[in-house]
Amino acid sequence: MSTAPSQLRKAVVNVVAFAVLGALVLGATWLYASQRVPPQPLEFNHYVHVQQLGLSCLYCHSNAPRGQSAGLPQVNRCIACHNQLEPKSPATRALQKYAENGEAIPWVPVAIQPDFVYFSHAPHVQRGISCQTCHGEVGQSTVAQPIKNQNMGWCLSCHKNMSTPERFVQLSSCEACHK
Amino acid sequence: MSREGLTRRDVLKLAGVGGAVAAVLSGCGPMAKYVRRRPYVEQPEYALPGKSVYFATTCRECPAGCGLVVRTVEGRAIKVEGNPNHPLNRGSTCARAQAALQGLYNPDRARGPKVRGGKAITWEEGIDAVARALQDTPPEGIVFLLGLAPDHLAELVYEITQALGAPPPIRFGALAMVEARQTLAAAAEAVFGQKAVPTFDIAKADLVISFGANFLETWLSPVAYAKAYGAMRQGHPGRRGVFVQIEPRMSMTGANADLWLPAKPGTEGLVALALGRLMAEVAGVEAPEPFAQVDPAQVAQAAEVPLEKLEKVARYAVQDVERVVALPGGVVLGYENGVEVAQAILALNGLLERLGKPSLVYFTPPAGGREPLAPATYKELMDLVDRMNAGQVKALFIHGVNPVYEFPKVLGFEEALLKVPLVISFASFDDETVPYAHYHLPDHTFLESWGYQRVQVGADREVLSGFQPVVVPVFDTRATADVLLAAVQKVGGALAEQVPYKNEVEFIQKQVAEFQKRNDGIYQAAHPKVFWALFLQHGGWWTQEATATPAQAQVPTVQVGEAKFDRGELHLVVFPHPILADGASANNPWLQETPDPTTTVMWNTWVEVHPETAAQMGLENDDLVLIDSPYGAIFASVYVYPGIRPDTIAIPMGQGHTALGRWAKNRGANPIDLLGFGVNGAGDAAFGQVRVTVRKMGRRQVLARKENTVGVYGDGRYQPVDKRKEEEEKVTSTQE
Amino acid sequence: MHSETPLPAELHGQVEELRKEHLLIDVRPREEMNRMVLEAMEDTSREWKWAMAFLGLVTVVTLFGAWAYLMSTGMGLAGIRRPIFWGLFIVSFVFWIGISHAGTFVSAILRVFKAEFRRPFTRAAELMTTFALMGAGLYPLIHLGRTWRFYWMVPYPNQRWLWPNFRSPLVWDFFAINTYLIGSTLYLYLPLIPDLAMARDKSTGWRKKLYTILSLGWRGTEEEWRHLTKAIQIFAWAIIPVMFSVHTIVSWDFAVAMKLGWHSTIFGPYFITGAILSGIAAVGSVLYLVRTTMKNMTYFIRPEHFDTLGKLLLIISMGWTYFFFNEFILEWYGGEHTVKEIIRFYTQGDIAPVWWLMVICNIFIPWAVLWNRNWRRKPWVMFLMGLIVNVGMYAERYVIVTGALSRNRIPFDWGWYQPSLVEISIAFGTFTLFLFMYGMASRLIPLIPVWEVEEGHHAHSLRKVGKTVVPSVADLE
Amino acid sequence: MAGEEHTKWVMVIDLDRCTGCNACVTACAMENNVAFAGEEENAYGRGMHWIRLVRYWEGEYPEVQMRTMPMMCQQCSNAPCEPVCPVFATLHSEAEELNIQVYNRCIGTRYCANNCPYIARTFNWFDYEWPEPMNYYLNPDVTVRRRGIMEKCTFCIQRIRRAQEEARLEGRPVRDGEVQPACAQACPTDAIVFGNWQDPHSKVRQLAESQRGFKFLEELGTEPKVIYLSSQRHEF
Amino acid sequence: MYGGYQGRYEPKIYVALFDDPEPAARAVEVLREIGIEDRLIQIQSGVPWKPEVLGRPIKASAVPKYGMVGAGVGFLTSIALYFGTPALYPLRVGGFPLFTMPPAFVLIFELTMLGLIVASFLGVLFESLLPPVVGKRVYHPEVSDGAIAVFFQAPAILLDRVKEALQQVGASEIEPVEGSFV
């Protein structure tokens, strides 16, 4: 007779099981879809350059305060130091090969904007936003890693937090980034 | 963007262009889908990723010489803009200049030097071939066939031919043929005493009477004229210029007229004289000699123009307004009596001057006092073909012109070309002439080139408009001037002494240096390098003040006579396509896709037929017809066009390529093939005397148009097709 | 149980008369009806298999194949062009939404009004609703330029800070169609449960397993019946306004637009009437197919049904004509230039054949034929009428969607529309999809609601309970 | 930025100056990466032009007269295209008072295009190609649209934003005439003028107050931001 | 629970089949007279006979309540969506105010109806405990052929008395069945 409570229990178990399964599937999809660390042509170590040697980000990514993209270092900027520093290491040899051939190093960009998003470094850097705000502590890691969840909501929440409501009207207007 | 700001700020950036462009191409942009991202090997100081760099240069899509500013980003040319300071176009551009980037980045461009048959060679071999040609050919057997731009190359070639003792280069182009520049110059000599193409200052005019001149489309300097047209209409507060156009087929220019008079072809000169006589009558003075000889009523009847309209125009010109100008152009110069017709029309200006009206005609002072090499006449071209056929031409260099396409078939240039033992083409594209060339040594397109153009018409001051490369060459092409100079070096000896330039830039710098001494330019500099940098930065050199003065017009004695016509049913008007012009850039897809202003047709050739004529012949829109002239025949689709005389059909130039690339090839028809031999007094082609027969082919070939095919006639009220036909039948039956 | 007792000879005429007025008076025992329905359902003959295989194949090719081609290549494969941005897809969408009104109308409205003759074919009509709606629901997806982004219309929390625009009629559409699809599917399913239980009890093998799952353990206890009948009542009342809202909102897709020829206040009722017209016509056609292709169906689906449907069809056709007249006469009378152009285009322009087809199929032929009782009672006539009216209604949607778009305020940009092969293929594919789904369903679920038919048998019998007399089954409260 | 909150971009088109030369059409296409569709597609009415010249013939030969009118998105204040979009792919920018189209948000219902009384919108029927190296000229400031989405004139929003950014970095308001859409920049007769309505000294403001000014289909209540100056004709 | 028999006999469920509602109703009456309460009787049938006809207690269904609750949830959801999302993320279209009432009614109506419909359906399932998640429940397959099955739970000691009484009112057979009522 008194089976109703056990039925309910079973129903609850069913629902919970379904929810967990769904969450697992969705989570796996999200993990799959999120960005992962790409292999680079040269093993550049950000930690050594930034933390140990104390180089500023702008030394290599010199275009950030002036242009749209921060820019990737030219070969001769690397060579300028590496002619003296560790000229024998395999990575430096590979670097020299690029320099001798006059080729650009085919760096694989880590922080990628989709085609339909227009982001310019200049206005952000000129307003004194540090590189770490968006790119995280790249200097702490050996290999540059993409920042998770750098999506539209992330941009908007930052725009909202860092501006006045009047200014946010402009900063949240679609055409600010989508042209 | 701030154009003023840029020119000031980018002085230094532009100064070092020569060496720096080499590294520019390996840039990157955010368009990941289309362009690979790569860092610079050596980043030019002026090129910041994502920042635009602007280069001032000159348009070479037609010989006018408008100033451009090209926006580049990371070594790629992104957008052509007008140079706001250039005295000719003042920041504006036409459609052709806008689409020039599609010529620059055209996938169908010639990608490197070749010999006949398509085998690739090195530039060394190519230069050797040129050197051998210059060395081994007897000088009188060397012929340079050049287009109307660029002037620096023509001048360099002129020096080379002088040094060799060869005949001077021949400059020609289909556009020049229908513009009949020599006719205009000849007529101007008779009226203004100066043998050059005059500029008509319509900006200041209260009344413009144009006889066939399509000055808003392709004529001489269209952007400058369009600029002036805008000023004429609404540039002066409280005073709106009025515009009368007299031509058999309503061109885009005519479509903008307040009054469009479709005079019978061949009567335009008489209409001008009648108009002059009427003006004199209104003014109450005795009509001068050429005007006195006509009877306006008779002329109006012969020209099928209402006399009352002519009277009103005459009265308006004399009584109501102050500044009046009359200009000839287009098809009215294309009769055997074209010079006389032009004189009659220009004489109106003389008459008006006698009636106390100010002159609105001036001659653009040639830059540096040096007239650019005048274009050749049709007659000279026929002579050239004769010489080729006679085997007198041993080496033919072709640059900037596509004779197999642009010259009427009836001239026999193709056959003559086969008799020339050495033909070298410098075309940037694999055009129709290239297969006949033994060597194809492709030049850059103008956005990769150095050079200058001496502005000849449209500017009120001396203008030397400069070109500079805005990007590094996309393909393995080389400047023709450099090739010639390298060959000259190779030949050495007296030739090298007389033509002592190391390269093209040195030659140009030498020419430009002449202007350093001038103190009336927009800039001065003591050091040649700084002057050169300023020259590049400004996109040329011109004087600060307008120096052109109004030309005093005479009233010459003119016997207009009668225009002669071939046999045939209908008059033929061959006009330069308002967008494609002569078709040299027909492979720029956006030029093909830009609708024709009057018909909105894109991508094809159409035949304009008057609705009545079409009804009589049973033709409807898109019907394929065969157009047959005594000299050739083409197929094209009918466009029933309300703005054309019933006894006339019109076909635009620009299409009908059999080569030139994927977007131009096998598209439409080339009406130049219909033209014949006739020349006028100045030696220009009498292209207006051709008459044709039209035959229905019983097939339809639908024209791509922007307009829809219903509802655009009349006030836009839709009529079902069969009903319209009924009405047309009614019209024809009442006529019978 | 009612056993079949031989009737006295003198009563035959009387019974015949009764049958005409109250359908299915010649009752058969429940076992026999069960057997007949199951026999029809389990009749997976070779012909049926071939037909299903063929229909399935054709659907895969013409609908899904063409859709995949369209999606991978671009909307340009369709015949639409500027300024006619909507074409056959939207036409088919509106058409199928219209068809989907039949089931609800026949089942819910007749249920609410306790029209007894509905009983044998409510399920056949409800199935139409569900499948037609599924077909219709495909079209908004097919016609999207970027189908793979359709989920942006769904309101769900996301990182973009963006929600659907609830002011857009397309979002209303989205909600209305989903509500209607869910509602009508549940409305189909609820009365189906007892019949599935019946099938469970009487079948073996995989069918038994299937029906065990589908019947949800239905036993027919008093509790279950109480809740089920209550729920069916609620559904019948609730689904009617939803049905009206759906087609009204579909009509608002057009009516709210700043588009002459669309911007009409009469579109809501006009579309609903048209939908019911096409729906009822389609019911006639489908019932004919069911009756002729399935076993034992002549007992359940009878000329009386066709007769009644015919009367309905005639009435609705008149209603439609009334709205049609309103729509055109008023716009024409108003005399706005562009509207006149649109009407001229309808009646004389390129689209005129379609417009006149609509008038002939929706007015002239039904009016001429359906007055006649003898014609109405002939199933094949009603089958043809169903087809003709549906052709007419397809034409109506074609005219409204593409015709009005062909004329606008800028004569320079007028145009006209020609459907492309891909569009026609997809439109055709939904017809075969519908037939395929219906054919499959006819062999998988009892197409006749046996319990409702039996309920109908008892419906008019009053039972004495103690001292009171009550109707015996719940429905006749 | 002072004054920036009150920008209202307005375009004035002087039909008396306009010759119908179509330079604006080409300029627009080159600036905004507008695809070329080819002959067949254009013959079928699928040109991608963001701006077109609407042309009419008036009168009968020989009194026939051609009228042209450049027609593009009128950037209506009450744009009929906006509310019908289910996903906010086209909406009103409060910052610029412009009607904007967000390509990556568009799902391609094409409702906006049906609802536009100016027929200003074009649809990407296919993925259009710029064969290498023609893709080099593509403007990096403008999204290259893929198949299945709507596009339309944006008043060259990328130029507006660029000028604003430059002005802000230099700490000054945007000057009159500093922003020019590609069509206005190219126009050989200066028929198209662009500027900020809120600036009482701007050229557009002065021109727009001309007696010749009118807005196309103004009676629909869309409040377009393109003001046409009617053309005139001297009758002989 | 079972009066004096409790603890001495385990009650079992039996079924009696009837063809018509009248005998079934009489059977129910007989059972009640014997002392078997209504809650120990369950009737299964192939058509929804009215409880009055079968002499069973009349109960109201809870399904409408589910429906109301569902409608309420739908209504609140629609309000939250329609007024909540633009308030959080204001986007302007077509010169419309941010909150336009006429479109709100559309959304409110649709979601309310959706809530009503779905909740009513779920109500049927919940109230009838469908689908079964417990063990075997009493059932007789002849129900689907139109028979009326009267299930009753009675201790064995009463069985003979019950059988006799039921056969008097016309039960075709009385047999024990496995399973529970719910």
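Each chain gets a letter, A, B, C, D and E, in the order it is written, and its residues are counted from 1.
As a convention for this text, a residue touches a chain if its C-beta (ideal position, glycine included) is under 8 Å from a C-beta of that chain, and two chains touch if they have at least 3 such contacts.
If you're wondering where the values come from, they're calculated on a predicted model, not measured in any experiment.
The minimal number of chain-to-chain contact steps leading from chain C to chain E is 1. Looking at C-D alongside A-C, one finds more C-beta pairs in contact between the chains of C-D. In this view the innermost chain, defined by its CA centroid being closest to the centroid of all protein CA atoms, is D. Farthest from chain E in terms of Cα centroid separation is B.
If each chain is reduced to the centroid of its CA atoms, chain A and chain B end up 53 Å from each other. Distance between chain centres (mean CA atoms), chain A to chain D: 36 Å. Inter-chain centre distance (chain B to chain C, centres taken as mean C-alpha positions): 66 Å. Residue positions 30-31, 33, 50, 707-708, 712, 716 of chain B are each in touch with at least two other chains.
Along chain A, residues 68, 115, 118, 120 each make contact with two or more other chains. Counting only residues that touch two or more partner chains, chain D has 45, 47, 55-56, 80, 83, 85, 88, 91, 94, 105, 140, 144. Within the complex, the chain E residues that touch chain C are 19-22, 25, 42-56, 59, 61-64, 67, 81-82, 85-86, 88-89, 91, 93-94, 96, 100, 103-104, 106-107, 109-111, 113-114, 116-118, 120-121, 123-125, 127-128, 130-132, 137-139, 141, 143-147. Interface of chain B with chain D (complex): residues 1-2, 29-31, 33-35, 50, 73, 76-82, 89, 91-96, 98-99, 101-102, 104-107, 216-217, 222-223, 226-227, 229-230, 233-234, 240, 242, 244, 250, 252-253, 255-256, 258-262, 309, 312-313, 316, 474, 578-579, 589-598, 600, 602-604, 610-612, 642-643, 646, 667, 702-708, 712-716. Residue ranges on chain B touching chain C, taken from their complex, read 707-708, 710-712, 716-718, 720. Put simply, chain D touches chain C in their complex at residues 41, 44-47, 54-56, 71, 80, 83-88, 91, 105-111, 113-115, 117-119, 122-127, 147-150, 217, 220, 222.
Here chain C touches chain B in the complex through residues 341, 344-345, 348-349, 407, 411-416, going by the rule given at the top.
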